[in-house]
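Across the two complexes that follow, subunit A remains constant while its partner is subunit B and subsequently subunit C.
Coming up: the complex of A and B.
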């Protein structure tokens, strides 16, 4: 008799109920994609027989993880698909893929000449050229690079972080450093008001874009670097970006095979971190009385996978004057660098369409979302501004009063 | 009353009958093949699907070993789409006597089998699923073979050469005139219609059921049914056939077959009445899992899909009818010289592996009796579909960039996949998702491969052989069958039978994921599709 009741081979736990395929955003718009069940557990049996059975259409998987959320049998479908891409794909990353994947390198290069880069990539000829030469879709609007980044601001404008009795380490990620430093600034101000000092870590890009673009070795090297950097501190590693958080907690281990067990529990999104502090009665919040906003919350796919959107919802729900609508859960279609690619652009828009229509109908003051690539997609496709929840919190809080409460 | 007279009537649609039909028809004979159920329904479809190198018999039965290696090399050329050239290891574990290895290698070489001793570390590198405790390994040219496909391919070729095939037709008696068998009486088990067919020679190739067939003709063939139970694991845990390097024993062969792994077998004498109703017992399951795990420990935690059992047709030697001295070799009986009954020949014993040789011997005898001088060509004539040397090559000839389903079809049909209509979206859509079988392939099987029911479709296409065991594909295939035969009621009955047959194999190992899937399947069919209402 077998001792284990359930197979140790995760893909064998699939009972072919096909719920994953019903929840897959890609399969509904792109008939070339076999769908998570075929691409994952079903395809795996064939690939084990002979790698010839690998299907290059697995590249259409966005790694949104909605299949895994839907699966009642605990099959790590998207992990199976990505591991198969890693082990069997014959297609090599292109120059375009390399550029899209290396978000931190491109940020460093673009920053000194940010105004020029922003102006140039926004022009029609440049877009046409990138479309033709690189395969970056011409319809895409690019996030703007900033002249000065978040880390520089912190060193210049908020140098005395060590004076706080309690400390957190902040993993800010690439987009906070190069495109949206205001998110980092808001994080520091809120944390300071709660009585926490903010320490930087020797971080590298989490590597999610390298994973999705097939730069496996580079991604693994980033993963090892970050885990090593996290080990050097015992502070909580707090983040503002859902995808970086999810990637470091889950993908390092499951796809890249980098052991994160010793640091995993310390990696936490700021909304969950603050909510836990409130729940334990360790901090208190004071809100402005004049704050008013109609906000729609778009839950990013990786927030769904983390299962943490409840904390953001509860936290935003505490804000008086904030009228919150939680949007029906659905992928925006961007999936990081996926929506930039010419071959995916139309699918990417088609996937997000129900979400865009709903937002346009609601016409809120802001959409809020923890993911910056969701932000780029939604802003481009609806014209509504998307703000990270920490920005809303910063704006709604009476920071001075909060600081007094937590002194 | 059928007036046509055949040169040969062959009884039995297993691999022996199919191979003999092919050989006879290639030699220009007019052949009728009669099978009481479906092709490959008996022992042919209920074994490991091991393409023996002969190494297993090298020490105990050198004649069988020699036959195996010769046929092994022939099948690798003529049945490439049915064969997976995996190679095999004979591993020695700490409890095994390593000195056996030297004898084993020596005897293999004497039989003409390449046997190469491999360093244990290297063996584990080549096959990481093998027991890491192994102390010795020998590499031999074992492989795996799909018995359904092999039978089907032989019959396809036989039919191309004029063979008539009657399935679901039972032989109920012989027409004997002047001490000569001149024909058979039959019963169509579907319609109840009786028939008579005349042939100059009748060949009994009915496996274990040949015992009863011989009795109908009034002669005795002393057979003993020996049951062998096997388990199918849900994926390919090893890429190389794993054997124990010791005298043949229970559950000591693990074969990677297509997308699954098969461990077996046991050996138990059973009464004839049980041959048509075999159950795998919990003791057999336990033995197979625990012994199997010694070859590949991962079997302890791998999902089991099914348990099944086949019957070996063991034949008592004529000099010792008690059955104490059993031959596992090929047995060709000329009942004219043996029993004074002309026009009747029995071909039995042997193995899946040596079917072609059995067919050759039987056909030689038939030709001799008919006074026909025609040489056997099956040693070198490829079966239909076997032209390309690999799936990659065959697929590349048909499609520029094949889909997984198209690749899977090539994996089953070889070059013949090009004959399947798979160009539009409908014919490319999947009936069986686990084994990637398309509407085009199923429809083509229904049209060209003598399909009567859903189980027949499974034998010809692998529909229902994957992890879902019919959950998703059963109803779809039933729909196609209903459309093709113009009868929904029969297809619905077939579907019920098909699902019961799938459950029969799951029942002995129904725990864990297989049980969950079985329950889900049962819910779909009884509650959603209302199959229990009738």
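Coming up: the complex of A and C.
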């Protein structure tokens, strides 16, 4: 379609139908946010004429991409909004923004003193201080840092990965390294059972939090680093986190202008990777007979944008003994670092309210979701544990039998 | 990835077809690239208001035999049409979308510009009228929200006064609405509907309206109530102390979006899968059969099925595509009915029937689309993608979508 267009301005595809606004979670709760049509294609016409028309309230966009999924005309609304933030915003990231954005740096600093950090940030005085001094909302529960991370475990404790005939590279992301190494361990065990060895790559944080906090240059540097690291291997780059995946595949190019074309198709979420192998008859799965769980699946916004939740649904649907409810598609309100900020906290909870109410009503054994910040939000707001689908898969699979089938 | 039937297009036709197939026990998936024309719904469905030559139609079922052979209704045939027509109300009712109107006769609806338009069935928000001059009352109070520009009260008053009704226009200021008004571009139907959906704003609105009524017997309100839940319509009707008539607004349409969300929900509850925000591509053929489709998001994973239903819509949703020289169907390269010369595409008088509206895919009598002059065996085309009828001129857009969707779903579920 695009080759027929004479203008490179994608906003010209907008016919002002306002369907995007009908599906925007922010505009429903926050009157200061101008809404995707006005913030995106409508505002862009004015901004091109004179940057004076830039509206700082564009910072309220969570980049959930629901506007783009709803648009009948293929307008990249959220990309237009974020590019405008990058090009026109005068507001500088604060110390709080810098801390929230640098997830990997903070992880490295916190790790050696993890028990102390976890204990301190969990206390009321510390929360009050962070609220007052930094603007990190006092209601938030911080994910706990772990003393030892995933990479260390893989090097020291996992079986020799080079002995497997087939190999994948694993982009584990920050939260698997610093907060939830069990996700990485489950990934390795499942991949090993499928006959794949897991290699590390020289990865840096995908940079999504830098993009949303306006640290554009740092984000671009991370993007370049990762793309370069991916180029050095021919292996599939498999991930367990939906937002890292989406950011590297789409945002590097569309927002940061970093060319990912040579590696993009190799960046894949583990659920799609495994489903695709099954679909081609290249691997087989054997499930345990004694696994039982009632699970509710929350589809993260970026999973909706990737269009890959179908793979997770299909995979989980194969598990005997797993009773799956797919929750109505709706944003949890967290949007990475967005919900941590004092100015967004109330909106964040209001956006997620219908989801929380539904989960409480269902009262499942677990919620499952590919996104760690959705996990933090849902756990804090409902008390129900949220597990990455790979953890469910690891638990439900008979790993020994599966390994035999794939030998 | 294998399904019994893959449907491309998640508008009215695609969803109706998908839901009916799920109900008959088939496993289906819908690939949907963005939202659809339901979001611009007038609140009513047309079945047939005019013949090809412009003759007005009052009883659509009695007029099917007078249509040309290319019209989708002719392919279904008047006998089957009269069966399908009876299925529409219960089908939508079961999906949580109650419809009002008489299946055998056309009625009238008041448009956002104050005209009377012939329609068939309507969402139960709307008020249907018996004739083109029927009065809704003698003295009418038309109430708008202050600052809401997509509901033109002056046009409506003009249309009604021509028909002998006395109109007075008022506008309501609600404190809850002031936040929206601070940003004029967001004073739009869905945002207003959201404010009214939550809390007590609607009660304050009803109280204001009741205070404004003097000697009027009827109140007209914009159809911006009940975005998530249609029950607000009833509450408003009960709360306002005289008869209440809702009139559609300029898009987006609150009753239309609510119905679309209900239909989608009913489809998902029946076990259907929607791939939202994705686009089908790269068909693989085996002779006159379609073997599989790819999608942009699914990459190497292919969608395979026994049958495929193409419900990609017309030009707006890119089901049809026009180059300067010709009109084509971009997904499968299906044969298209269109005029050879570009002069036949459009009429310079905007209000004349436009040729391009009648363009669309050519099919056999079983809605198998033609490709290279031969019907495809396991592919069906439905809805506004179909050629052979000028739906704007004939008032048959929604009817063609619903009837062809039900007909094709029946064909598929009764085969094998």
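Assume the second predicted complex is superposed on the first by the 398 of 407 C-alpha atoms of A that agree within 3 Å, B and C clash if a C-alpha of one lies under 4 Å from a C-alpha of the other, contacts with A are read in each partner's own complex, and residues count from 1 in each chain.
Rule of thumb we're sticking to: a contact is a pair of C-beta atoms (placed from the backbone, for glycine too) under 8 Å apart; a residue touches a chain by one contact, two chains touch by 3 or more.
Please read all numbers here as calculations on a predicted model, not as lab measurements.
In the superposed pair of complexes, A:53 makes contact with subunit B only, with no contact to subunit C. When the shared chain is aligned, subunit C comes close enough to touch A:276, but subunit B does not.
Look at A:395: by the touch rule set out above, it reaches neither subunit B nor subunit C. In the superposition on chain A, contact is made by A:14 with subunit B only, not with subunit C.
In the superposition on chain A, A:28 makes contact with subunit C only, not with subunit B.
Touch criterion met: A:308 reaches subunit C, while subunit B stays clear of it. With both structures placed on the common chain, the touch criterion links A:45 to subunit B but leaves subunit C unconnected.
When the two complexes are overlaid on their common chain A, residue A:70 makes contact with subunit C while staying clear of subunit B.
Shared-chain residue A:37: touches subunit B and subunit C both.
In the three-chain superposition model, subunit A touches both subunit B and subunit C at residues 1, 4, 17-18, 31, 34, 37-38, 42, 73.
The part of subunit B that touches subunit A in the complex is made up of residues 234-236, 256, 258-259, 285-286, 289, 298, 300-304, 391-392, 395, 403-404, 407-408, 411, 425, 430, 433-434, 436, 466-468, 471-472, 511-513, 516-517, 520.
Looking at the complex, you find that subunit C touches subunit A at residues 1, 29, 33-36, 39-40, 179-180, 182-183, 185-186, 188-191, 194, 251-252, 257, 265, 268, 273, 275-278, 295-302, 316-318, 321, 323.
Those residues of subunit A that touch subunit C in the complex are listed here as 1, 4, 17-19, 21-23, 27-28, 31, 34-35, 37-38, 42, 68-74, 265, 272, 275-276, 279, 304-308, 310-311, 313-314, 326, 328-329. The part of subunit A that touches subunit B in the complex is made up of residues 1-9, 11-18, 31, 34, 37-38, 41-46, 48-50, 52-53, 55, 73.
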